[in-house]
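A short write-up of the structure that comes next.
The letters A, B and C name the chains in turn, as written, and every chain counts its residues from 1.
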Amino acid sequence: MITLTTDFGLRDPFVGMMKGVILGINPDARIIDLTHGIAPQDIRGAALAIAEAFRFFPRGTTHVVVVDPGVGTHRRAIAASAHGHRFVAPDNGVLSGVINTDPRARTYHLNQKEFFLDGAGGTFDARDVFAPVAAWLDLGKEFDELGVQISDPHTLELPAPIIKESEIEGQIINIDSFGNAITNVRASDLKAIGEGPFRVRIRDTEAGVVVCYANGECNVLHALINSSGLLELFLDRGSAARSLGLEIGEQVTVTM
Amino acid sequence: MITLTTDFGLRDPFVGMMKGVILGINPDARIIDLTHGIAPQDIRGAALAIAEAFRFFPRGTTHVVVVDPGVGTHRRAIAASAHGHRFVAPDNGVLSGVINTDPRARTYHLNQKEFFLDGAGGTFDARDVFAPVAAWLDLGKEFDELGVQISDPHTLELPAPIIKESEIEGQIINIDSFGNAITNVRASDLKAIGEGPFRVRIRDTEAGVVVCYANGECNVLHALINSSGLLELFLDRGSAARSLGLEIGEQVTVTM
Amino acid sequence: MITLTTDFGLRDPFVGMMKGVILGINPDARIIDLTHGIAPQDIRGAALAIAEAFRFFPRGTTHVVVVDPGVGTHRRAIAASAHGHRFVAPDNGVLSGVINTDPRARTYHLNQKEFFLDGAGGTFDARDVFAPVAAWLDLGKEFDELGVQISDPHTLELPAPIIKESEIEGQIINIDSFGNAITNVRASDLKAIGEGPFRVRIRDTEAGVVVCYANGECNVLHALINSSGLLELFLDRGSAARSLGLEIGEQVTVTM
């Protein structure tokens, strides 16, 4: 099974071409679109998305993650084994959330060009490099047939919340298509400062923590622990992001 | 075969996660996206979409329909057998168009939590409840292994046209991505008032009924019976909805 | 294997219905979305997209291409064999780029209505005609069981660049979702006028040709030969189309 995560959108036939290349090598491959809606060149957004989503797939799945502003430069193409899954991506930090969280992760520089698409150019490595390598991995090729192990993959520091005695300083790390603002504060972080009830503050607005969307009073900002175990700000039947003009990176404070 | 209909959009990895959960239980499942473009929390829009679309799939298909403003509250999760198809959804009326049109429909409250995803929270039942149940149904589990039969599913009154002696009062029930305005008036309703030719009136604009889009004069409002057998207002090579500012719920009158 | 290219978008269940019809006839069909994001009724855009994309799929793939402003009129439904692939489309020029480039291409008028969906109307031939015919072709039906060979398919002149001694006059033929402007000038056209370096001019702006996106200076217009072998204007980490207001059809001049 192969999943695809990119910033290509669905307007152009780019994703379709990747699938054609995979199926040309591996006609029985199962291909699942994870998302092609990562904001253009948002490496951090893609890193957060794949770190969250891979675990819902069976072990052994191969995940292709391509947000690649450096395509065509000397940045390496890499593959990784982590958490029992396989990953293929440019070496720009997009796999940070899966490599950094598994001490037994191994990373490889994909330097065996015979597994790339013939006549590959320099501007569409998703189709010419990452898709065919994923097809070969899914067929059973070993990582060390496709490349050489490396110990210095490029990684990003994904923002962690600052936990004080009775307060947590987190930040917004994503805004979903409903306009909910997802923070980097985990349910376990809340436990570290007490039993609650908690108050969440963003700018001058306070929000109480409830357990489901429908428990929020209409048009009043609330927060809940979402399906990823992360604190999320929402407006029941509205868009918290649009109403408050929330942006990724904004600070959120949790107190008891 | 399993189809998916949601209001999740395709920007976030939510739909991909649902597929991962299904394939973890049922690795050979065929999964077809019906649409993820239902307007956020538009239960009525989803009810109309699934009622129209299910019949183009083979009997025995399992359809997952999730527009779910009440996720995490005490609203039930249900499954239904109707028209030889299977459906899985929140109990909020989203299955009205399939349950109400089959007198032999049976509905079940999904209360057997061992078929849900382990550690399911309260905010993403599409992934944690509906996806795994659909995977099990597609594998051959019986409805009464997954829940108990109920006789009181929540249903919506989908708007019906008012048919008088020589006039029909209908309304716009959907606007598609071409800007065509679809009404609740059926071809059979037209037969009830005569042989035609018919005139369709919306506000102060009149439109004659033609048989295909290309028969409409450029930039003049026309109507036709669409591929679902419903009366539809359109502007050839333009957007009727944008040009006239049409909205769902607006009244449309048909006369001979 | 069957690919789908349409202007239907993904908001409505139209594409899902096509898949249901295909799978009803051919339950084991592999269906790949090439794109549903062709601009509404942009026959030329679809012709360029399929001409570029089909080659990344295995020979024998069946490609359904539906941009069809004439649906319901007397325009023919056609199928074609070209480049070892199969194509199904309305006879409006959308297959020009695949028929015109293979001297051994054969084209057929799809007139055997027993292979259409029962009770087919006149407004949704993608579902009622093209999807079922593609399902039958993929199952092994021969073209001449489905229709009769014709010698006069409707074709479009896809715009070719004008190559002078030391200058090429091309034009923008597509703008992708990153805002890159793709021209009809091929790498081989550049070779015809010299060894370079080349300068690309659009309106009053000049751009040098580099080899990858990251080699463009930030916020300065550059050009490269893209993954399809076509000259493309881009702004590294920006949208060339939005910044300069570029449009399809605009002239681009290449000089040494």
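Just so it is clear, contacts are C-beta pairs under 8 Å (C-beta built on N, C-alpha and C of every residue); 3 or more make two chains touch, one makes a residue touch a chain.
Bear in mind that the values here come from a model prediction, so they are computed numbers and not experimental data.
Listed by label, the chains touching subunit B and subunit C alike are A.
Judged by shared residue numbers over all numbers used at their interface, subunit A and subunit B contact each other through mostly different positions, with under half in common. For the pair subunit A and subunit B, the distance between C-alpha centroids works out to 31 Å.
For subunit A, the set of residues that touch two or more other chains comprises 10. Across the complex, subunit A is touched by residues 1, 3, 5, 10, 30, 32-37, 49, 52-53, 56-58, 61, 176-178, 211-215, 224-227, 229, 236-237 of subunit C. Contacts from subunit A toward subunit C in the complex involve residues 8-17, 19-21, 23-24, 27, 40-41, 69-73, 121-124, 127-128.
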